[in-house]
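Have a look at the structure below, then the notes.
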Amino acid sequence: MSNNLIVEREKGLLELERRIAELRSANATQPVDMSSEIAALEQKYRQILQEVFGSLTPWEKVHMARHPNRPTSLDYISRFDRFDELHGDRQYRDDPSIVGGLALLHGRPVMAIGQQRGRDTKENLRRNFGMPAPEGYRKVRRLAHLASRLGLPIVTLVDTKGADPGISSEEHAQSEAIAACLHEFTKARVPIVATVIGEGGSGGALALAIADHVIMLEHSTYSVASPEGCAAILWSDATKAEEAAARLKLTAQDLQRFGIIDEIVPEPLGGAHRDGSGIVTRVLTEVDAAIARLTARSPEELLEDRYRKYRRLGAWQTTQGEVVGQST
Amino acid sequence: MSNNLIVEREKGLLELERRIAELRSANATQPVDMSSEIAALEQKYRQILQEVFGSLTPWEKVHMARHPNRPTSLDYISRFDRFDELHGDRQYRDDPSIVGGLALLHGRPVMAIGQQRGRDTKENLRRNFGMPAPEGYRKVRRLAHLASRLGLPIVTLVDTKGADPGISSEEHAQSEAIAACLHEFTKARVPIVATVIGEGGSGGALALAIADHVIMLEHSTYSVASPEGCAAILWSDATKAEEAAARLKLTAQDLQRFGIIDEIVPEPLGGAHRDGSGIVTRVLTEVDAAIARLTARSPEELLEDRYRKYRRLGAWQTTQGEVVGQST
Amino acid sequence: MPMPEWLRIRRSKDSDNREAALWSKCPKCGEVLYRRDLLANAYVCMRCGHHFRMGAYDRISTIIDGDFTEVGAEVLGGDPLGWVDKKTYGAKLSGDREKSGLAEAVVCGFGQIGGFDVGLGVMDFHFRGGTMGTVVGERIALLLEEARRRRVPCIIFTASGGARMEEGMLALVQMAKTSAAVTRFTDDGNVLFTVLTDPTTGGVAASFAFQGDVIVAESKAVIGFAGRRVIEQTIRQRLPDQFQTAEFLLEKGAIDMVVERRALKETLVRLLEYTVGTRVQR
Amino acid sequence: MPMPEWLRIRRSKDSDNREAALWSKCPKCGEVLYRRDLLANAYVCMRCGHHFRMGAYDRISTIIDGDFTEVGAEVLGGDPLGWVDKKTYGAKLSGDREKSGLAEAVVCGFGQIGGFDVGLGVMDFHFRGGTMGTVVGERIALLLEEARRRRVPCIIFTASGGARMEEGMLALVQMAKTSAAVTRFTDDGNVLFTVLTDPTTGGVAASFAFQGDVIVAESKAVIGFAGRRVIEQTIRQRLPDQFQTAEFLLEKGAIDMVVERRALKETLVRLLEYTVGTRVQR
């Protein structure tokens, strides 16, 4: 049994898919016409798909965002016109959980940087389940700095449970590495477009997501903490993760309302992995459109807009109860 | 037996010193007047000192520069009005072979950075015999960058056999660390004054010595390679080190002639360690005077002068045999 | 040290339950200490030197020469998510206000240190574990913006469990807001000193805490990105006691210096002396 | 590939003894290779893929589209120290000139790569082990200055045993000179690519080689600061074969990419396509 809710639910559908395929192949080879049975099954299939995936709870979205078949950063990056990977932090190590380099997107040179989890167990081990070490964030910083120096727009893809919480990451100053990324992204003199394609976990995700335009896939999540971690701490009960997921307002829809993200890219019914190629096309089109808009702004305007954007995020009140700032 | 030529030669003098001290103490407690014997011995002592140390060959200077009692960076830094050490490369490690921090020199805030060898075996092990690892050079770079940002003149003290040649130094990109130092020193918008106080060994020394004003102590050395290393490679014979020392033109006097250094601070007869306090005072006075002169220049003028200085170093000829550049 | 006037006024306005407790027991050596003596000793155990976690106003009174004018005090918490777990967020906030005498987890303002004008922000672990929500982010940003206007150095004392979960992503993006404010402040030629006190972790560590020009840490303070328990769960073994302490980080090159609390003010004054009045170049 | 006109002229002027040798034996697999075939295959062994060390002009001819105009060719070596070891420096220089057909250890100039105007510097290990003396430093500086004037990208192929001892400190300070030239060139918004070929060590590695915006290394090239023998003497043990290879450095994060020689030109053209024409911002 998978520990992923969505994978579990898909099992029934897979059975149905198999039967439809069987009938189809039988229909092609046997004299009896079964097209009405096939049509009925397909109708049923669509109906179940709609029932199961038509509207997802935040907790379901958490699992959708973590779906093992969900397109990863490299699935997007490999669909750029061209990509030349640049490796390493120039100091200590090349962290495979960060993939970055020069790329052409719809003919436009950009710097592409993404968090990369594995697409199988072996790759997951190599890529540390997409949780970057300080060396990874230092690579991000280096590439962002290079992009800023060369005038190349920065395209980031966010997909991580969070920054690596291991011993050597602490020893190599994970905090400093993330803080330095944030610093670099607040001063990069080029357009930055970030897309949360899967899980946007905490500060480790934000390190790639200070951007002039932030996109989220419809069923991706972006959260201050994992629902499990939040439940463990605030409820002292990890089984409250589902409730935490709902309370954390970690869905794209909530975050757009708060002004934290700027755009939502819809996913096919059943999630991005049901049409990986289509979703990648759609995202790259939206990223390109955002860059095209942003490229019209001067570096000074970009920096000013970016500052104002983050400066105003967060609701608060004066002591008099009068609202002086609002999130929306 | 010490492997240091100068230490060996000092042994005879130490014997003489001991006898003079004995006579003096006897003279004070016994009725017989021995002051003429004492005077004669002192006369002899000065004569020997002059004979032994009056003029040093390059090879002798190599040993003088390595003398175990020669004042080290911390002997200078501790004589600043004040010093607050800043540690670490912010990433991986604090390298004890580099000591740096904020300091007041004659009331003027500066950034002081020095290579620090040990003053005994234990300290030598801790400080890796003054041979910095990449983390040390990254600390240098960080502090130089901070100084440039804050408008503080940079005072460096050079005293190293060279950059550490160990496995982890290679693994942590020693070349990159030194190259990044050189880059930082060529763009720091503040006056830089470097003083070679002992051994200036190769690129590991130069990493702290791109400066607007370079001082050398009279018997310090500054060389493209150690005489031993040079002899081993060019003569395939390490015993030719003495000859190599002479050929390499590694003395302060030679280097001033080539325009590579700007000033020589004389040492007392017998070497800097015979009057550590006096030599430190003298060096700090000269450093301060250089900073005072340089502070009158704008950052743009400093950068332009520094560029021209290094740009013109090196003799060469055109194919026509006409000299287009000259070192002096 | 005598309690400055601003603090006396402040104290008389806010309820401060901790004042009521006359005695404190040292968690390290067990010594029972008279609270007034402890305050006079900057909350350092007179017997073993243990550094107690310090309240923001107490800290300010040990650092600032005299007067202290708050900025951002009018910025008070909302409840943007309408949060409820075992309690409502609103109840937690009121409880902490009651308990700590603080309106939020950071106090910011301006005063003098050794005669130098500075902006000062002090976080307080007693309020929601020093977590950063919208108010903390807003106040830090206001502090840096005002310090930039005044062209004075800024000193921020950190003490934080990280981002405040009850405010969700609005808390997380305060890392971006404060980083942007630091960038603007320092790019404009001003100097930021951060003083990392026990504990400095998570989103605060990974933003302005580690963006200081000089990073000072208080002796024995726990500093890190991930919490000790998270790491231990991940690696399934116990970490050494020394792990993530200020002294450990100094060796690992992450911070500039470790300072004993009673030497902190003197150290800050020295740092200011090196840097104030020098024009900043880029 | 056909020999370009500039190279034919160049060759007919300079004696090139290596041309005389008709056959080369691969030091890795032992295969005896016809030299013309080897050149046509960019000096990559047709049997095992071993990358032979490549002469500067051969390299240029495999990289540059057509014409190549040298700069700094008029800068020739002096003998500032009047050096003598087992031979005089002068004799070594003439010997190497004879043997390599080169006037010095680097050839610099301008040409096109994939239609992009570029400055190109190529070091040659066959001349004094690619060591950097005053001429190498001067030519690299002239190249960067001229490229800055023309506002074109610069590509430098490194191959060097380090600083040239026979020129003493005047050789060492070329690290400063070239670094200063790189700083000026890149600060002015231009892009520098370096290609590290076998071997790139010492003072060249620790200056412009590692100051590239993008650092490419040729497959299997030995790259490091200290020489293998020096390290082995220091640690008193044998190093693994893989140590200090391009592939090793890629894993250690020191370089951007490792490229097989026959894919180098294509890679450089791609890198130019990303960066040329974009305005540089600081």
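For clarity, chains are labelled A, B, C and D in written order, and residue numbers in each chain start from 1.
Operating definition for what follows: a residue touches a chain if its C-beta (ideal position, glycine included) is under 8 Å from a C-beta of that chain, and two chains touch if they have at least 3 such contacts.
Worth saying up front: this structure is predicted, and the values here are computed from it rather than measured.
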Both-way neighbours, i.e. chains that touch subunit D and touch subunit B: A
Contact-richer chain pair (by C-beta pairs counted) among A-C and B-C: A-C
Longest centre-to-centre distance from subunit D, chain (CA-based): C
Centroid distance [mean C-alpha coordinates] between subunit C and subunit A, Å: 33
Whole-Å gap separating subunit B and subunit C, where each centre is the average of the chain's CA atoms: 42
Between subunit A and subunit B, centroid-to-centroid distance (C-alpha), Å: 54
Gap in Å, rounded to a whole number, between the CA centres of subunit D and subunit C: 53
Residues of subunit B engaged with two or more neighbouring chains: 90-92, 171-173, 176
Sites on subunit D at which at least two other chains make contact: 210, 252-254
Graph class of chain-chain contacts, one of line, ring, star, complete, other: other
Pairs of chains, among all present, that meet the touch criterion: A-B, A-C, A-D, B-C, B-D
Residue numbers on subunit C that touch subunit B, as the complex places them: 186, 189, 191, 210, 213-215, 250-257, 267, 270-271, 273-275, 278-282
Footprint of subunit B on subunit A - complex, ascending: 90-92, 134, 138, 171-173, 176-177
Parts of subunit C lying in touch with subunit A, wherever the complex brings them together: 73-78, 80-81, 83-86, 133-135, 137-138, 141, 163-177, 179-184, 187, 201-203, 205-211, 223-226, 230-231, 234-235, 239, 243-244, 249, 252-254
Subunit A residues within the subunit D interface of the complex: 82, 84-95, 102-104, 109, 135, 139, 146, 148-152, 189-190, 299
Residues on subunit B engaged by subunit D in the complex (per definition of touch): 163, 165-167, 169-176, 178-180, 182-183, 185-187, 202-203, 206-207, 210, 222-225, 229-230, 233-236, 240, 244, 247-250, 255, 258, 260, 306-307, 310-311, 313-320, 324-325, 327
